[in-house]
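Right after this note come the structures.
Below are two complexes that have chain A in common, paired first with chain B and then with chain C.
On to the complex of A and B.
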């Protein structure tokens, strides 16, 4: 399956915009990603191993928080998008 | 350096006026050119902060996923974001910095005074992570 890497994190994925991994769950896919590109870990996970609150992970068009989170099943044809949040204001 | 097409520049300022007195927000897409960003298009987004739209903005991540995917199909990357400050200077706020996570991307802010777009400034999010991040002034060059 494919994981789309957002522009700010590509410096940690050898500048690749997408990474192919083999996985059966979202958690496995993300583990495979950080195993291949270890520098991504601290940008995706807190020190205690939880996904950072501002890191949104979508399986196709669904937020995995509203599925089974990292236990969500995936298929080879699926795409995971990693999207840091965008917010602010005066 | 942020190089932005005239049409995208005009669009984001126009969006700020349309959304007034609320904050507008959107995404900037294009290609990297060395250390600079060349913005070829902008995509207006909805502001999901309906609880406080005059001084806060948030883009639905589902919109970002779609914009990232569609940009990829056009060979455009997300390289920045824009929002407006209604009746407030075009400078980043503590909230803007706290909520900024796209390192190496431009955060463009337009001040909208009494419904009219005034100053547009751009700030580059730099640093190695959440603990030392900072927004730096960056010049804007408007391309024909």
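On to the complex of A and C.
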């Protein structure tokens, strides 16, 4: 399945805009992602391994917080988006 | 002085000059005379007259929004002109409010323009917002984003949101009665320094145009009560791929601002909330700094100094002082390229990133590392006036 990396985090994914991983749950997919790009870990997870509150993870167009969070089942055709907060405007 | 009291749209009349001016609106059934009266009766407050605020204010004024408020305290800078199209080269050094007011009144003399030369704060936001119907957020930092959101929730005004980074944008309409607010999406801000600002990260000049016009579109739709506003939807704009995606947003029942048992019942200290103490300023450096004049003198004297440039390769191409290039982000994995027995002077553009590099190197056991105060900008100012600044 595909994980879309937003612009502010691409500096930690070797500039890749998308990463393909094999996974059956959202949690597995994200673990696969940080295993491949370890620099991403501290941006996605807290030190005790929880997803950071300012990082939103979407499965297709749905917030995983309103599904089964990291236990949400995924299929190969699904897309995970990481949606960080950005504040620019001037 | 013009006021911002609420007027009923049906009580508003258009002069013959206005009817002619808005004829392309009036002949559309979705706007018509009724819609144009609504626009004239509407009061919209734009926070910021910068990248997003420029197209927003220009189009809202042109469209016939009756009362437009703008909050800004900034002065036009040369580096603004690449995207802030309400300002021109001749405006550099002027107050953004004066520059914007001139253009907006030139576009539409019927506009009732109200300018507020102030920094939006917890002390003034509620009073300001109460005098308007819709708030359009064109600010550029997290504390103000949360402030605008909370003040919108507390005063019951929709928050037409847009934000940008490099070539990526987001837009939505927050804080309507039924819809989610900014905090439903982002309960907590990222720690300071994790997400670079436009000043640090750069921004494609046309992107605020694209996103600001989307905000203007949403404002107009809210006023007209037509179409499907971006309520409960987050639009993601990728200008590089020219891809638009839409995500579902839900109103969080546990949201501290708009949930069923809100804990935010008044405005708070947003700098503290976002982990910023006092004014936003570069990381305080406890480490020795070197002034550019001293670096120049010592290099000329042939001292054994290793100049480390921690900027990005594309910045090095703009200008450099022959430093050894290791971008800050690559420093941990390339630290073995440095010789800790030599005296190292680290520099970046203005001194912030190299301050972080010095802190990192000190921790890694380097004893003789200095931060070049003011970075290559100071070098251009004080040593080599021919060097371009960016």
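Keep in mind that, in the parts below, the second predicted complex is superposed on the first by the 85 of 90 C-alpha atoms of A that agree within 3 Å, B and C clash if a C-alpha of one lies under 4 Å from a C-alpha of the other, contacts with A are read in each partner's own complex, and residues count from 1 in each chain.
What we mean here is this: contacts are C-beta pairs under 8 Å (C-beta built on N, C-alpha and C of every residue); 3 or more make two chains touch, one makes a residue touch a chain.
Please read these numbers as outputs of a predicted model, since none were measured by experiment.
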Determine, under the contact definition given at the top, whether A:14 touches first (chain B), second (chain C), both, or neither. neither
Contacts for A:22 in the overlay, against chain B (first) and chain C (second): which applies, first, second, both or neither? neither
So, does A:53 touch the first partner chain B, the second partner chain C, both, or neither? second
Please indicate which partner A:63 is in contact with in the superposed arrangement: first for chain B, second for chain C, both, or neither. both
So, A:43: does it touch chain B (first), chain C (second), both, or neither? both
Given the touch rule stated above, what does A:83 touch, chain B (first), chain C (second), both, or neither? both
Name the contact category of A:6: first (chain B only), second (chain C only), both, or neither. both
Once the two structures are superposed, pull the chain A residues common to the chain B and chain C interfaces. 6-8, 11, 17, 43, 54, 56, 58, 61, 63, 81, 83-90
Note which residues of chain B are touching chain A in the complex, please. 23, 25, 27, 49, 52, 55-59, 61-62, 64-66, 68-69, 72, 77-79, 81, 83, 85-86, 88, 92-93, 95-96, 98-105, 107, 125, 129
Taking the touch rule as given, give the residues of chain A at its contact with chain C in the complex, in rising order. 6-8, 11-12, 17, 43, 52-54, 56, 58, 61-63, 66, 81, 83-90
Residue numbers on chain A that touch chain B, as the complex places them: 4, 6-8, 11, 17, 42-43, 54, 56, 58, 61, 63, 79, 81, 83-90
Touching residues of chain C toward chain A in the complex: what are they? 48, 50-53, 74, 80, 84, 137-142, 145, 162-168, 170, 185-190, 194-198, 201, 203, 208, 234, 236, 241, 245-250, 329
